[in-house]
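Two complexes, one shared chain (subunit A), two partners (subunit B, subunit C).
Up next is the complex of A and B:
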């Protein structure tokens, strides 16, 4: 279904519109451009809370001599009598503490969706390990992560920087984006893909999206594509003050209006 | 003329003779001898080095052992890259055996992913296969497979079972005849002279007007620096599985025959050796 996918150009446009609103709120999003290319990503650092283990040293190793730092990340599956171990997080002395988060929003051309990468460290500069990150996920979301491997948080290499980050796996994005996009279409509402997507995945990893994003950030103007498009609402001029919500309704159309699927020539 | 199937076997059974030496600052109870091993090009470091760990454990105390990691000439080796790719990228034009240094302390956590168990390797491997199929078939083939089929792909890799692996993998290599090829080709071009680890873009094997794209076409589009101009000498080598395929090779053929088990074409662009 093309309507829940995002081409790279639309991704960039959605990000720029999000950025404008972010500047007006001074809430810290920036656009990082990759040297020598048109690619880039959104970046933000924020302080949040997380659960960290107090008995780890700077290297993230346990200072307890007899502590076995083995844990199994075998994901328990609903429809299988597997080796049943849901991710074994050791119940050690963990406590709530202030955590420094760094969030990156990148575009995945393989899945044609945005992907959320993040890093987390204590205020002393020690990076959190995967178990601590899992521990820090809000209890409301934890069950979902444990039982569906493809929704999970894993460590991955950042495709543009080459460093290790945590990632929320993107391959189920269309499942939650599709109903939202369809509803918006039916109700003639503007939807900024990135804002909508972020408001779903962000809170899982401690990133809150203020409500004003959903009302104030418009969707990018539609580019002409091969499929018939109804005329779009006028593009918003760049400004530093918050935009009033768009009052002109989208004209009803008989066919869904997918964002143009960006295919490279050739 | 070699059968195309022979290429699949040659790729699968490629090996790199390697010498593992313990890092000199590691604390040992007695001198550690180097350990020699033939590494499978298509596997992953952490999957095939249990013997290496056991060997060095014999001369070390348990409390001096943390997560094992490897470096080559100061560059930490990413276990989540296939072994053959690591060699082509970092050690192509050096003498064999490949000399790798083994560490048990000071894990470089900014650069390397942790690998606490084989489940992590399996998850990473399956994630790559899934991504490759998203590009080739909009995930239809991989999603139609059952859990046990996914397991078969992983077990084939883990246990070095060519037939078991390909019995399943051949489904991921099919495409509707009228299409002429996959939707997009799963590839990554790795560069040594850049901060960026790799280039990955959408690229079709057949152009809209039916023209078959070649390796040269791909490079021209996404990394033209790699292709020499007519009048200048070659500055870079374009290496897949230790060989330099002709730039005229059809990309679809390369994808079907020279992909790694994760279904990606991992292409290294390295400086050509100066004579």
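Up next is the complex of A and C:
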């Protein structure tokens, strides 16, 4: 197991621990099991704010108050544009509004990290488009996102549900997890990977992670296959046995996983 | 703690930028001697700073991230993590494709909207809040 990556069992353990704390806070997280599958994910819905497009008249003016004119990439054809450009920068008018979010935390076997999927819709039930989601990213991260939006948040098919979701790209998870995991390794302590990861990615897309998660949620039981390794060492775990002692034999991460979390006492 | 009048604080402009949330805060051009035991504590009004409204923040770089010459800052309790993050980003002259990550206890990242005073209450020790920061090109 490489240094900054997460095996699926540890993912499940971390999620379970997060879930217990969520229950104590009534924070709304739930574990969703996929029918006929061993796989599951954490789910939560929440109201937040976002920037949504309001209706424009022919002059491009909006009667909505508190509007802010933003420049954004627009990927639809503009019939009034002689160039017939497919991709153009247009001045859009958007306003801050209440948005219904639905967040899913899944495990990615290919990246060996958690991945945040989410949906966003107005209170009237209209799904936000990708550009609106980009506009809704927390200002702290917006500059970086605007630099390369397609590398940050895109729309993909939900791996378990087959529906269109927005997803926060996981390819650089290691970079922001590394400082924490390395420090934990150096200090001979563990962290709850999901809590740490969520504390970074959640605020990007409007998901609040109360501070108590960072102090109250325990770490998963220490197992050789889940302990972080120094980057310079062999990728193999130090133990001769790759099996975590507390569970049934660990199949490769792409295979069905041990029994569902729901069977454990709350 | 020692206090330095404005004209003796070589990082005055950047320090005031933090204190006043100025968008024009610039990094210091002078080389400043780093004295960990003697924190720079510039004041908005000479000698009038209210210690109860400010907390001490110690910034530590992670990995290859540039180390700030001034590590210890006196920050108003109501300042957000985002505000501090913006300040550090400007201080380090970060580019648009770079993202700054801040960590508490080297175990989690505080929300950008979190007030540093609250973090200090929960995680401060020895009269200061230690924050680690890391520059990254994360998100692709």
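Note that the second predicted complex is superposed on the first by the 178 of 266 C-alpha atoms of A that agree within 3 Å, B and C clash if a C-alpha of one lies under 4 Å from a C-alpha of the other, contacts with A are read in each partner's own complex, and residues count from 1 in each chain.
Throughout what follows, a contact is a pair of C-beta atoms (placed from the backbone, for glycine too) under 8 Å apart; a residue touches a chain by one contact, two chains touch by 3 or more.
Being a predicted model, the structure only gives us computed values, none of them experimental.
J.: Does the superposition put A:176 against subunit B (first), subunit C (second), both, or neither?
T.: second
J.: Regarding the shared-chain residue A:26, is it in contact with subunit B (first), subunit C (second), both, or neither?
T.: It touches nothing on subunit B or subunit C.
J.: Going by the contact rule set out at the top, does A:160 touch subunit B (first), subunit C (second), both, or neither?
T.: So A:160 only meets subunit B here.
J.: With the two complexes superposed on chain A, say which partner A:130 touches: subunit B (first), subunit C (second), both, or neither.
T.: A:130 contacts subunit B only, not subunit C.
J.: With the touch criterion stated at the top, can you tell me which subunit A residues are shared between the subunit B interface and the subunit C interface?
T.: Common interface on subunit A, subunit B vs subunit C: 169, 171.
J.: Which residues of subunit A touch subunit C in the complex?
T.: 138-141, 143-148, 151-152, 168-169, 171-173, 175-176, 178-180, 183-184, 187, 191, 195-196, 199-200, 202-203, 208-209, 211, 213-215
J.: Mind pulling up the subunit A residues that touch subunit B in the complex?
T.: For subunit A paired with subunit B, touching residues are 34-35, 59-61, 65, 69-75, 77, 79-80, 109-111, 127, 129-130, 149-150, 154-157, 159-164, 169, 171, 262-264, 266.
J.: How about subunit C: which of its residues touch subunit A in the complex?
T.: Touch residues, subunit C against subunit A: 62-63, 81-82, 85-86, 96-99, 101, 103-114, 118, 122, 132, 134, 136-140.
J.: Help me check something: in the complex, which residues belonging to subunit B touch subunit A?
T.: Subunit B reaches subunit A through residues 63, 66, 78, 80, 106-107, 109-114, 116-117, 119-120, 123-124, 127, 130-131, 134-135, 139, 147, 186, 195-198, 200-204, 207, 213, 217, 221.
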